[in-house]
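After this come two complexes, each holding chain A, first together with chain B and then together with chain C.
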Partner chain A sequence: MPINRIERRYVPFAYAFLLPTIAVFLLFYLIPIVTVVLTSFTRWDGFSTPTFNGLTNYLRFFSQSSFLISLRNLLLWSLIAATLHVGFGVLVAFVLFQKPKGWKAVRGVYMIPNIVSSAAMAMIFRFMFNNDFGFLNSLIRLVRPSFQVNWFFESPWAFVAVTLTWLFYGAIITLIVLGDLMNIPSDLHDAARIDGATGFQAILRIQLPLCRYAIGTSIILSITSRIAMYEAIALTTRGGPGDDTMNIPIILVKAITDLNYGLANAAAVFMFLMGMFTLWIINRLFRMNNPIY
Partner chain B sequence: MPDTSRTRNRLKFSGTTVFLYLVMLFVFIISVFPVLWVVLSSFKDNSAILSSPFSLPERFDFNPFIQVFTQYNFGLYTINSLVIASVATIISLLIYSMGAYSIAKFRFPGKNLLYLLFTLTLLVPPHTKAQPIFSLITNLGLSDTRFALVFVYISFGMAITMFVMRISFMSIPDSLNEAAFIEGAGFWRVYWSIDLPLARTGLATSGIMMFLGNWNEYFYAMLLTSSPRVRTLPLALAFFTEAFSYDYTQMFAALTIVILPGIIMYIITQEQVQASVASTGVKG
Partner chain C sequence: MKNIMILMVMVLGVSFLLVAAGSQEVEDNGMVELVIPHYKAGQNVGGKFFLPQVDRFNALYDGTYRIVIEELPQDGYQDKIKLLAQMNKLPALIEGVGDTVWFEDYMLANDRVQDLKPWLDTKPHVKGLLLDDALEYNTRDGKIVSLPLALARPIGLFYNNTMINPSKPIGEMTHEEFLDMLGDQKIAFMTSENAWTTNLFYTSLIAAEPGGVEMLQNGVEEKIYDYTGPIWREATTNLQKVLQDYASGNTLGAAYADAANSFMSRRSAVIPNGPWMVGDFAPDSEDKWSNGFSGDQVSGDVYPGNFAIANVRGYNWWIPNGLPERELEAALAFLEFMMSPDELEAFMLVEGGVVPKLTLSEDFLTKQKKNPILVDLATTINKDTRLAPLFGDVVPGSIGNMEFGKLLPKLIDGTFTPQQFCEELTLKAAETRL
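Take a look at the complex of A and B:
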């Protein structure tokens, strides 16, 4: 598209068309992010002017016992997300790629739990895991009639219950990986077959490495979802019992309602840095900047 | 020769085939069952829910739904959700398609930087901006209004709409624009009457994704609103289950009211939703 006279005449209009987007970007992204970073170093209740207090918020945030539990939970959940959760999503993608009968229907319904509001999904799980009328315990009682567990409200089951609300729901991973699988040039499959690679070898040596980007992206997405997980906890355990299922967004919201904005924003900066760290490390591990083909 | 190799293949893969179908069955059950259980339970009375969780409802009684709608204001909450989600979606589509149009069709200094910044917003978890947005809305005098949620939801669609619409506009041949400009058509007219209608697939895709995201949003609805007058469905659901935890039938009915519209919308538009998720990795 060469820059000709006609086009140059329209450049001011092009800028004008971008103005609303730029306004939203400034108002809802740039200014908030700068505010978060700056005020995380201040004492601020939202009404008075923020006063600089150095690293006090961070030190308070890091020394809270709920933070240490949140960090432990985040590490555990991230590990589970990167291995079992993404692993299951990838497995489903490879299963669907074999195109067994009904694969399109399964691909279609697998997305439903992701389409349902995460608030509603949390409710559904609270009901399913309910001790009195929940489906899970009714099922277990068919075998062991005396079984009684209040999944979301008893240690150590609460952690397991919260994990189960997302563990197998990897439809986004499946769709991304399946997309990459379908984009593998067919001559690569043919070449593998001629070289005598059996089905499993072809998967291990060719298809899996060629889906490297998709798998890396999936791990990033699923770990960042763990960092930001809110509804699945706030509407079930609220971080309890004790602080068993505490996580950083729960601490952040509590700090806002306590009008401790400096602390809330220190927590936000920490979330942001964790996200960046995940992005960086997975990028390195999966060599996502190197071309695949 | 071909025959023996075929039988061998079939034998070798039969174990694999069983495994494939077991995985598919498992995925099907965990995806459909929770929703189905909720919908079916909303047609059973309290005692049936407690005593026979596996039974099908004996009859389809819509009274719990009517009660939830009329006595507990779910009609109002549905309208709130619908209005807020639609208005935010339509405004975002307009704003971001204009921005994406400029970036896709014209050359000017700073366009790559802007595009990068706009799409990078995807990496900012919405929760991290909770305090500044809470303060912004309060300072604008908009707290506890529908406008507050419309504003915030408009901002959520930025990255995905920019991404989808830029590709849509780029796939339209530039010669169409050039011809129209030479004919003397104005900038707005070329955008509105030529390019936008041709980019309608992109509009549909990003519109559906944004609407679903807005319809489901809970966190900012909880943070920015308090009165029932402006409450949206996900938030109403949370309040309802707190207050009426003894009436299981109505809880399930309320839950059904919240989840079914999104699922129906997804079933109608699943091709677009799946394509969009596969290319962006984002749902709503």
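Take a look at the complex of A and C:
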């Protein structure tokens, strides 16, 4: 769209205000990303000069015994995140949208886990799932006194335990969806009511479709968080028992501790591509480039 | 006016970036302050001696040097050091290297470690205390790359003498006799962090195999990457049996604090650990005891087969190259302080061990006699005691510190046979090679 003379006067201002953002993006995102991509094709210990080694790091990364398990875990966690995790967050948003008594208090309480650091949350879960004195097993032993499960350290429970550390904490999703719900023009609800739509029909035909962007964004956030999930695993199972709860960030950090930065960066590039793929596919699925209203 | 405003916005933006990306150093009035990240702090058993020692140093050099300890978890210490090395932001003092391959291939090969030889040559009272083996190991191309040990602390085990009553010293037993003697009593093992207590007992099982001690000793010079040989298979088979039948109830997922708690609450009768744990058995640590446990119930011994874990051929405290002169002086002053006879004796009274080249004071000998566990540990080591380094010290860093502990649950629940465990560990070790 062409701009007029008056608007043109403000173009330099626009660039000036954009400058810090562009500089931050270049310094802290683009240059590191380019460096990571370039060094992923090198043999680099972090000290000496990187030497080009072609696809060796990628071949080693894909042939690692823990890679396939990490990929399987990522797919499972992504599926759980996109369905149960986002679903729960959306459900809470819809319940809060009805503004039942005490909804503001519930919204506040639901946010609490989000202001606790991931590391602290991981430690809380380690205690909760402790076999000897953990809350969960103590509860189960009320009905099954002989119950013994070391949640974080036994197959297949470790995967379940790690999943439970984030599964029900969807406050961000709730807030995003709630924001969209509150922005739905009231005349749409009025029209639906006049046409005789039930509450459930209004949710299904009006509210859910109009929250499409918010739900799509939530799924993107949720899956990309699973791709980058580190603390919840590093501070509980460290990828164990065996490789049961391995994921790509754990492989990446392990490669760094073994001073194999080329391999670590190959893992990082893979994570980046997975993130981009998620973005692309959810954008397509939720038609996020099409206008809602 | 418009252009001035644009310029101001640009300057503000760029200034913000420069401030955000830069760092500031605070200078004190002539006093050098060293901030040292270390795990011997907080609840870590090593902090019991180390923190007061730092306080004594700060008091002695009040107004000149000051050391501030930045607390780190023990299992994150070496990784943090590696990352700081990568960022060229190493602290002035670092204890140990954890991963000798990293230290030799990257720190030494790139000449990033301060040569201590010129300093030690001017300090004969310090150099005279150093163990010959340790000095030889730390001398590389004529340089002394870390402060060689003066003190040897063979690692054995502690047991509760009210829960088990060995008919003879444990060192004179075989592993079978030892386990028979245990009966229903348990050993405080762990699988979390670096699986330290399990790591120790596994080492004793490896050492019990023919050729095991020699293999461990050779592993100091050349790391072991293949664990599929008969020594490993047999030792792992025995470890599986011990873990399944004699491990404390909280072994799965237990960190060091859990293992220590198991022992100091009488839920385990034995804990493999080094003499530094003696401090936890002193009366001033009774807040850590429960369930009728008391420090005077504890005895110390070596492992079955008269074996103890010791490795003086390792890297100790070191200083990165290129420190500002005053910081280097402060770091060296701390090393000298730690090597003073008073500090070495104070250390031995709290954490045990022997300094063979130090003439002990009467005061020390009197105080030592008041601690029967220290006397136990000093007398159980004899000329026939076989010594070898820890399993974790002869394998790549991530194997000893991470993979071993991660795989243990699968060995315990039988998902892995001993052979599979060894093969998996070998596979993981191969992946650590560049």
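Convention: the second predicted complex is superposed on the first by the 266 of 293 C-alpha atoms of A that agree within 3 Å, B and C clash if a C-alpha of one lies under 4 Å from a C-alpha of the other, contacts with A are read in each partner's own complex, and residues count from 1 in each chain.
The working rule: contacts are C-beta pairs under 8 Å (C-beta built on N, C-alpha and C of every residue); 3 or more make two chains touch, one makes a residue touch a chain.
All of these numbers come straight from a predicted model, not from anything done at the bench.
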Touched partner set for A:132, first chain B, second chain C, both or neither: both
Which partner reaches more residues of chain A (counting touched residues only), chain B or chain C: B
Chain B versus chain C as contact partner of A:239, first or second or both or neither: second
Touching partner for A:112 - first (chain B), second (chain C), both, neither: first
Partner chain in contact with A:13 - chain B first, chain C second, else both or neither: both
Which superposed partner A:82 touches (first chain B, second chain C, both, neither): neither
Which of chain B and chain C A:192 touches, first, second, both or neither: neither
Chain B versus chain C as contact partner of A:223, first or second or both or neither: neither
Which superposed partner A:65 touches (first chain B, second chain C, both, neither): second
Touched partner set for A:258, first chain B, second chain C, both or neither: second
Contacts on chain A seen with chain B and repeated with chain C across the two complexes: 13, 17, 20, 24, 27, 46, 126, 132, 256
Complex interface listing, chain B residues touching chain A: 13, 16-17, 19-21, 23-24, 26-28, 30-32, 34-35, 37-38, 41, 49-50, 53-54, 95-96, 98-99, 101-103, 105-108, 114, 117-118, 121, 123-136, 138, 151-152, 154-155, 158, 162, 174, 178, 181-182, 187-188, 191, 212, 215-219, 223, 233-235, 237-238, 241, 248, 251-252, 255, 258-259, 262-263, 266-267, 270, 273-274, 277-279, 281, 283
Residues of chain C that touch chain A when the two form their complex: 2, 5-6, 9-10, 13-14, 16-17, 21, 79, 82-83, 86, 99, 102, 105-106, 110, 191-192, 249-250, 252-253, 396-398, 402, 405-410, 413, 415-416, 424, 427-428, 431-432, 434
Sites on chain A touched by chain C in the complex: 9, 12-13, 16-17, 19-20, 23-24, 27, 43, 45-48, 60, 64-65, 126, 130-132, 150, 152-155, 237-243, 254, 256-260
Chain A - residues contacting chain B, complex: 1, 3, 6-7, 10-11, 13-15, 17-18, 20-22, 24-25, 27-29, 31-33, 35-36, 39, 46, 91-92, 95-96, 98, 100, 102-103, 105-121, 123-128, 132-135, 138, 168-169, 171-172, 175-176, 178-179, 199, 217-218, 221, 224, 227-228, 230-231, 235, 249, 252-253, 256, 261, 264-265, 268-269, 271-272, 275-276, 279
